[in-house]
């Protein structure tokens, strides 16, 4: 990953003087929470978001959690109000959504347990607008109004 | 710091006008939820509420303070977001930040108060020399802090006391409190007062409270000290990543011992985490980099009342405040010994007297009882 | 509720000083009152020196003789359990060690919190058992005075508030801690004026007992 | 001294309580936590089940005086009118608790977890009871007789003289009387003289056998001390003075206390303090003397008792004077099948008759109730006979066992030793030096 590792716990923190960060044991409960969420997604289709920046992690805890979750196939960046990096973990359906501002500072970090993170999906109002937009473009290209059926 | 406006557009409209996409708005809501310490599941509700929210007018009053609170706010770790939030409000008076000065500045305050009577928010940082104190201790434009506060608050919707000085009196109020410093809630009784304590408060907490007011149009749930539960509902100790070490009984005893290096609990080094309610453990400081305990220093308890007078920063919570307790104990013991000695001497004398005056039991005396 | 921190600081500050002064004055007065009375010279030819047997009894009386254990096992076991639990919590809980270090300047190693927690829970249960026993056993019921119940209450409250504070079951925490400290202060204040004095005088009593018997050639 | 002054009164009683309070008493009362364990060591409570017999409660009069006059807190309470007063009515009620239901066996002193020496305080409390006129009639009469006749049973030298004649006739040995410069002056108890004359015969034989020089004194033969039992130092001191005077007159280096528990306590431990000086002689219980002789090889015995024997340790001898192993060594000398009671030695159980209970006719039912503890102990071991070394205990055991129809004879240890002495013959004419 690039120098500004989006999944790193403390992008702004230089390595502590003690070297390797220790685990403070606060990551494991989150893993359990993710498991519950995944179970819910599988059985009822209900999606879950976990705000990792609201958890009392010690140095190293977040790294350990992301290490555990691993890296999956999908990686995406949403460019709106600064970059938002979406990374699928090695567990399908579990996503890391890392919200940054335009100055590369993290706003918040979520785990989303969903088929696709919400921020990747077009918003319903945007979809409604999309049709109009496309029609407008077609009209521009062909000069005719497309048949609506 | 534009001229005071009475914003009529909703926030959603105004953001769209700024060219913010829906995804951008969604991101804003996620960040806002995080800032308000609300669960991520609240994001859709926040989005709906924010879409309808209106920009309030805000008047920021600085009294006996060090500007640390303002520094904290302007160093907030999400400046873009910060700007957005500040854009969401209309900060009509803040004598440190505003461009206008002198009479123009004061005029801005009065204008805002008049234009938004009953609806504006007052943010206060710094403590106030009370009504009985010498008003000259702290003045702005020739008016005492007390007068300004009372005048400004009169038609406010609510007051947010930012920082421990405004919330609880803070440093100015520490013994012997030479300026007769009082907190906002000591003085303002007829308006809702939200305390955002801390020396300084976590910047995200300041904006979080604003965001809450903005989002939901009402004050958040408060604790016994008038602090938003979302940020002050749990103690540092309860949210501390070093808590497992406390539970296991693993403590640093010096700043350079093994425990300190291993990141063990700092209780014995004077950590006030157990008695301190704040959001440092999750919100952290300096762009989420770290916070005092993570950098190896015990919590000072800065968000609690009387924290300057609550014992040495490096004395554990359980240590009493009595100065020279050993001497007190010895002196009291000595007094006790003297008191006991005197009392016992009297008693001993009675024993001796009883022995000296004792009449032997005779056969005759015994016979009389039969 | 909004005064929790002020309350805590009051218990840690002025109230602590008051309690400590009353405790020290009272206890020393009490001890001096005992020692000044002295003992009459004993002219009877001793079988043994009294010092060693005296100190031996100070220790041995901690353990009941087998017969007594057989006749009053509940009394003996529960008494032991709660005393040990109380002492462990009092002397080996890290915050208490810090308190003692802060006041007396001496300290020693403590025990891990979960161990103390366990002993505190056991102490609470056994204290309840002692109360039930006091109210149910004919002898104890007969000889019990208001003072006995008062002392039980304060001892129980000290342990209970400590347990609540540790588990942060009372909110806000400063209130919980303040209540615990206040109870401990009431305990300290009551100590010199109630049977709690036995914490100190029992050792004197045992010594006198052991010395009197030891001089006659019996290890009591 | 006017007649008014010589009358026992509450005021004198309170003064006596006051005079008895010393550092140990204050430490003891300060330490009591009302745990009730003392009751578990008291035969009077255990066998009646009445909680009023809890030992610490028997000391309430003394405790009240201590609290009101010897503690700061008590004085404050007194000023506030919260003092618990000691009244005549209270003392009258406590008379039964302090005399009838306490044999001063001292077992409670040995089990109290905080170390209270309750028997020590019972002794002190009785001082106040006597001074306030609340002692039992039986003990008052015994005390008067002891002072006026020299014996609590009113026994006189002429009765003993008859006994001596019998002994001399049956043994062919001389019973030395008023001899100076001998090793031992022997004291007797009236109860022995009347109930157990075998004792005098036994020691006559043993001392002759071992070559011990000894004497009786016509001026004082009585070892028992009613003053100790009733709890009055004036009477106790008078009685001790007689012993001391007789011993000093005969210039004996040693005085032997007979098979009697309280007599030993009186003369061995309390005597010097009652007269306020050290004795010019030493005091031994007969069992101690016999054990010394045995250890020195001066007791030659033959044959052993073959039936199952057990032993009752008198409280005053064992728990309160430390004579425990001696009697067991002597038993081994003459008994094949000796078995100890389960709780013995310093943890033995009282027969129920000590501390003046046996002289207090009113206490008869309580005395018998308390004996049930001993009875249970004996039943556990099922001995053919019981051995003891105290006339009061022996009488109580005999009466008690008879009361419960248990056919277990009780014998004195000294007699049993005497029965097994090797008959003196010509070869034993070595040098009988002391």
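In this document, chain identifiers A, B, C and D correspond to the written order of the chains, with residue numbering beginning at 1 in each.
We adopt the following convention: a residue touches a chain if its C-beta (ideal position, glycine included) is under 8 Å from a C-beta of that chain, and two chains touch if they have at least 3 such contacts.
The chain lineup, named per UniProt: B = hydrogenase (acceptor); C = Nitrate reductase; D = (Fe-S)-binding protein.
The shown structure was predicted, so the numbers you read here are calculated from the model rather than taken from an experiment.
J.: Write down the chain pair with more C-beta contact pairs when B-D is set against B-C.
T.: Greater number of contacting C-beta pairs: B-C.
J.: Going by C-alpha centres, which chain is most central here?
T.: C
J.: As a quick test, compute the distance in whole Å between the mean CA positions of chain B (hydrogenase (acceptor)) and chain D ((Fe-S)-binding protein).
T.: Each chain reduced to its C-alpha mean, chain B (hydrogenase (acceptor)) and chain D ((Fe-S)-binding protein) end up 76 Å apart.
J.: Counting only Cα atoms for the centres, state how far chain A is from chain C (Nitrate reductase) in Å.
T.: The separation of the two C-alpha centroids amounts to 59 Å.
J.: How many angstrom lie between the CA centroids of chain B (hydrogenase (acceptor)) and chain C (Nitrate reductase), rounded to a whole number?
T.: 39
J.: Need the CA-centroid distance for the pair chain A / chain B (hydrogenase (acceptor)), whole Å please.
T.: Their C-alpha centroids are separated by 34 Å.
J.: So which stretches of chain B (hydrogenase (acceptor)) touch two or more other chains?
T.: Each of 339-340, 343-344, 347, 351 in chain B (hydrogenase (acceptor)) touches at least two other chains.
J.: What parts of chain D ((Fe-S)-binding protein), by residue number, touch at least two of the other chains?
T.: Expected reply: 21-22, 70, 72.
J.: Could you list which residues of chain C (Nitrate reductase) touch at least two other chains?
T.: Answer for chain C (Nitrate reductase), listing residues that touch two or more other chains: 26, 29-30, 33-38.
J.: Please categorise the chain-chain contact pattern as a line, ring, star, complete graph or other.
T.: Chain contacts: none of line, ring, star or complete; other.
J.: Tell me, which parts of chain B (hydrogenase (acceptor)) touch chain D ((Fe-S)-binding protein) in their complex?
T.: Answer in residue numbers: 339-340, 343-344, 347, 350-351, 354-355, 357-370.
J.: Over in the complex, which chain C (Nitrate reductase) residues touch chain D ((Fe-S)-binding protein)? Could you list them?
T.: My answer: residues 26, 29-30, 33-45, 47, 57-58, 61-62, 64-65, 67-68, 71-72, 75-76, 79, 137-145, 148, 192-193, 195, 197-198, 201-210, 212-213, 216-220.
J.: Please name which positions on chain D ((Fe-S)-binding protein) make contact with chain C (Nitrate reductase) in the complex.
T.: 21-28, 30-37, 39-41, 45-46, 49, 51-52, 54, 56-57, 70-73, 109-117, 120, 268-273, 276-279, 282-283, 318-324, 343, 346-347
J.: State the interface residues of chain C (Nitrate reductase) toward chain B (hydrogenase (acceptor)) in the complex, per the touch definition above.
T.: 1-2, 4-6, 8-9, 12-13, 16-17, 20-38, 94-96, 98-99, 101-105, 110-115, 168, 172-174, 177
J.: Given the complex with chain A, which residues does chain B (hydrogenase (acceptor)) contribute to the contact?
T.: My answer: residues 20-24, 26-28, 30-31, 33-35, 37, 39-41, 43, 77-81, 239-244, 261-263, 281-282, 286-290, 294.
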